[in-house]
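Below you'll find a set of structures to go through.
The same chain A turns up in both complexes below, where it pairs with chain B and then with chain C.
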Partner chain A sequence: MECVFGLVGNGFAIVAADTSAVHSILLHKNKEDKIMVLDSHKLVAASGEPGDRVQFTEYVQKNVSLYQFRNGLPLTTAAAANFTRGELATALRKNPYSVNILMAGYDKEAGASLYYIDYIATLHKVDKGAFGYGSYFSLSTMDRHYRSDMSVEEAIELVDKCILEIRSRLVIAPPNFVIKIVDKDGAREYDWRITTADA
Partner chain B sequence: MKLDTSGLETTMPVIGFGSNSEMLDGFSSVPSFDLPRTTDFDGFQKKAVEMVKPAKGTTTLAFIFKEGVMVAADSRASMGGYISSQSVKKIIEINPYMLGTMAGGAADCQFWHRNLGIKCRLHELANKRRISVSGASKLLANMLYSYRGMGLSVGTMIAGWDETGPGLYYVDNEGGRLKGDRFSVGSGSPYAYGVLDSGYKFDMSVEEASELARRSIYHATFRDGASGGVASVYHVGPQGWTKLSGDDVGELHYHYYPVTPVTAEHVMEEAAE
Partner chain C sequence: MSIFEYNGSAVVAMVGKNCFAIASDRRLGVQLQTIATDFQRISKIDDHLFIGLSGLAPDVQTLYQRLVFRHKLYQLREERDMKPESFASLVSAILYEKRFGPYLCQLVIAELGDDNKPFTCTMDSIAAKF
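Coming up: the complex of A and B.
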């Protein structure tokens, strides 16, 4: 099942997601990037039903771009997160989207932030968060080792601890993960953790 | 006979999240092993296997290699245990440089691929250039997404050659769309993946690739009851698609595994009168 988790460090936020596209017992693809770069300084890591995940995150991405075009100013991470939650809430009682989202961003005033948005439109600003079966293992690992002023190296060590725990304890553990980071220099891919390269 | 289920009872304490309300995520309830409420355990097991097995009764596959895209499919249509046809065209020609494969509901796949062909032609007329494989698959995915939950059954691959080279996308009725190098769709797909994954190399000639595709379909039809008929193989190159072969899988079996005459050890003799 899909594993997404993230944390906030000293002036940056990191999110990691597995990269398997699964259909019942079949693994269709093991390099599917589930962390979308929303704009220059925002990342959206999404997990959920395949159609909903891509369609909803692209919808949010296009609306965020539209706001920037219309107003000449980018949205703050908090505003983008609240917009996303609003869309999920509006659709909830009619045609709900099955997507769980971790939104990470960097703003000049607010610094790095991470927002936890689940499929029933819950919104929380958090220091660390996780979705999926992997959350059972990564949340406690992060709770134990997290400090609010971690450097990038320390945070990546913690992410690797979580990935190792998921790999060793989750019965159907995803083989590959992607890690992305957002800081004052922007949102970008940090690294991949691959155990099964495409044959 | 009363089953002794004491071994299945969990000693884990209830995590105090309160009653099972609909608003709570299903994962927060106590993990326990539920026994099915039935007396027909064999029937239940059968239903469980049916639930996990890929539902669409067919085998289709496609992969990208050095010389383009290879697309192959079987040709059996089944309704439960009845084989309604052994000669269904499961590779649909959207336009001269793009192919779609059919898995799931035949009517759904045929209609929506035809509809996609119309949209692609309109795009060509409006923009004076051919549509990309990425664009065509996105059109189909968006269309299927808007009908999600309404019972469409489509598991298709869009294969083609555009300005960026060979392209292959998997699109299904849940609105999922995946870009990849190698896909197989249908109830026979796990079997096909087994042969395809172990024999795949990017640097193959067209003959080697078509043989790999044909062999993968054959092996899937051998093991999967819902796949059979004729294994069709198509190749999509820079000039468009061409049909390479269509072989009956029954004949293919004896081609791959010919019957060797075995000398009998004991010959029955006529009873002496």
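Coming up: the complex of A and C.
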């Protein structure tokens, strides 16, 4: 029941993810952060098998840092996305990772971008994307209300609409969400949407 | 649903007099859900050589990258462009290499050879040429 979605606005990209760590019928943790800050201007929102999710995103993060140390320059979002796709594609026919990724980033030349990377290594640059059962609701809501060049306030309104839709229509809807943003000032946490605080 | 229909795709090509046309749909789907409507399935390898790749999207992307690499390497080594028949043979070899774990793609090659003579052929995932 993991819900991850994101969209590109005017000079920024926003990703939102649910924060439930679930094992069968048990909710282990309410505040699991599934959006990793890859480097200063990149976010990776991942959903899928918990072990694979953490291991694979950390692997990508460390390799992106290594490139920066070796070459003195950070990778562009497109390059990082293609690297991630390459790793997933190589592993696909040996021992596949079950991780779906939305990679959001900001580059000076390319501006804000969002990449949809499937668990079978499909890569596509999108304006809005979503994974999980929540995608049925969030993609439809975004299709209806999304415009290119939205401001941050309008985008957050749309994210809230999607979260509301997921909460009202998904049978085991996750209670809490985290929202992170990346723009020219960097990648950072924007806000949380909490309905159930820790007991 | 077959794995070839997982992402959904349709590619078609036709030859004419000193020309060819190649067309594809642009939908990227996951079973019945549409992810994007601007996915590119026809790729330019060369000014006169186009390939349309249909089938599973990740294999489409991997195969395209491999073919571009091999084509560029050929150009560097031979200092000339590949002939249509040579390229078709190269694709055939690359696909049959993976006979028992194939790239899940079916492709259409369309090229203009010497004297602007158009050439088109299709291949299934294990390099059966038509």
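The criterion applied here is as follows: the second predicted complex is superposed on the first by the 199 of 199 C-alpha atoms of A that agree within 3 Å, B and C clash if a C-alpha of one lies under 4 Å from a C-alpha of the other, contacts with A are read in each partner's own complex, and residues count from 1 in each chain.
By definition in this document, a contact is a pair of C-beta atoms (placed from the backbone, for glycine too) under 8 Å apart; a residue touches a chain by one contact, two chains touch by 3 or more.
If you're wondering where the values come from, they're calculated on a predicted model, not measured in any experiment.
Touch criterion met: A:G129 reaches chain C, while chain B stays clear of it. Legend: residue contacts after superposition of the two complexes on their common chain; A:E2 is shown touching neither chain B nor chain C.
In the overlay built on the shared chain, the residue A:K29 is in contact with chain B alone; chain C does not reach it. Using the contact criterion defined above for the overlaid structures, shared-chain residue A:A89 touches chain C, although it does not reach chain B. When both complexes are overlaid on chain A, the residue A:I120 reaches chain B and chain C alike. Using the contact criterion defined above for the overlaid structures, shared-chain residue A:D183 touches neither chain B nor chain C, since it reaches no partner.
In the superposition on chain A, the residues of chain A touched by chain B in one structure and by chain C in the other are 118, 120, 136. For chain A in complex with chain B, the residues that touch the partner chain are 21, 23-26, 28-29, 32, 49-52, 54-55, 118, 120, 133, 136, 198-199.
Chain contact summary for the complex, chain A toward chain C: residues 85, 88-89, 92-93, 116, 118, 120-124, 126, 129, 135-136, 139.
Within the complex, the chain B residues that touch chain A are 23, 25, 27, 52-54, 141-142, 144-145, 148, 170, 172, 174-178, 180-183, 189-190, 193, 197-198, 200.
Chain C contributes residues 7, 28, 30, 33, 35-36, 39, 56-58, 61-62, 101 to its touches with chain A in the complex.
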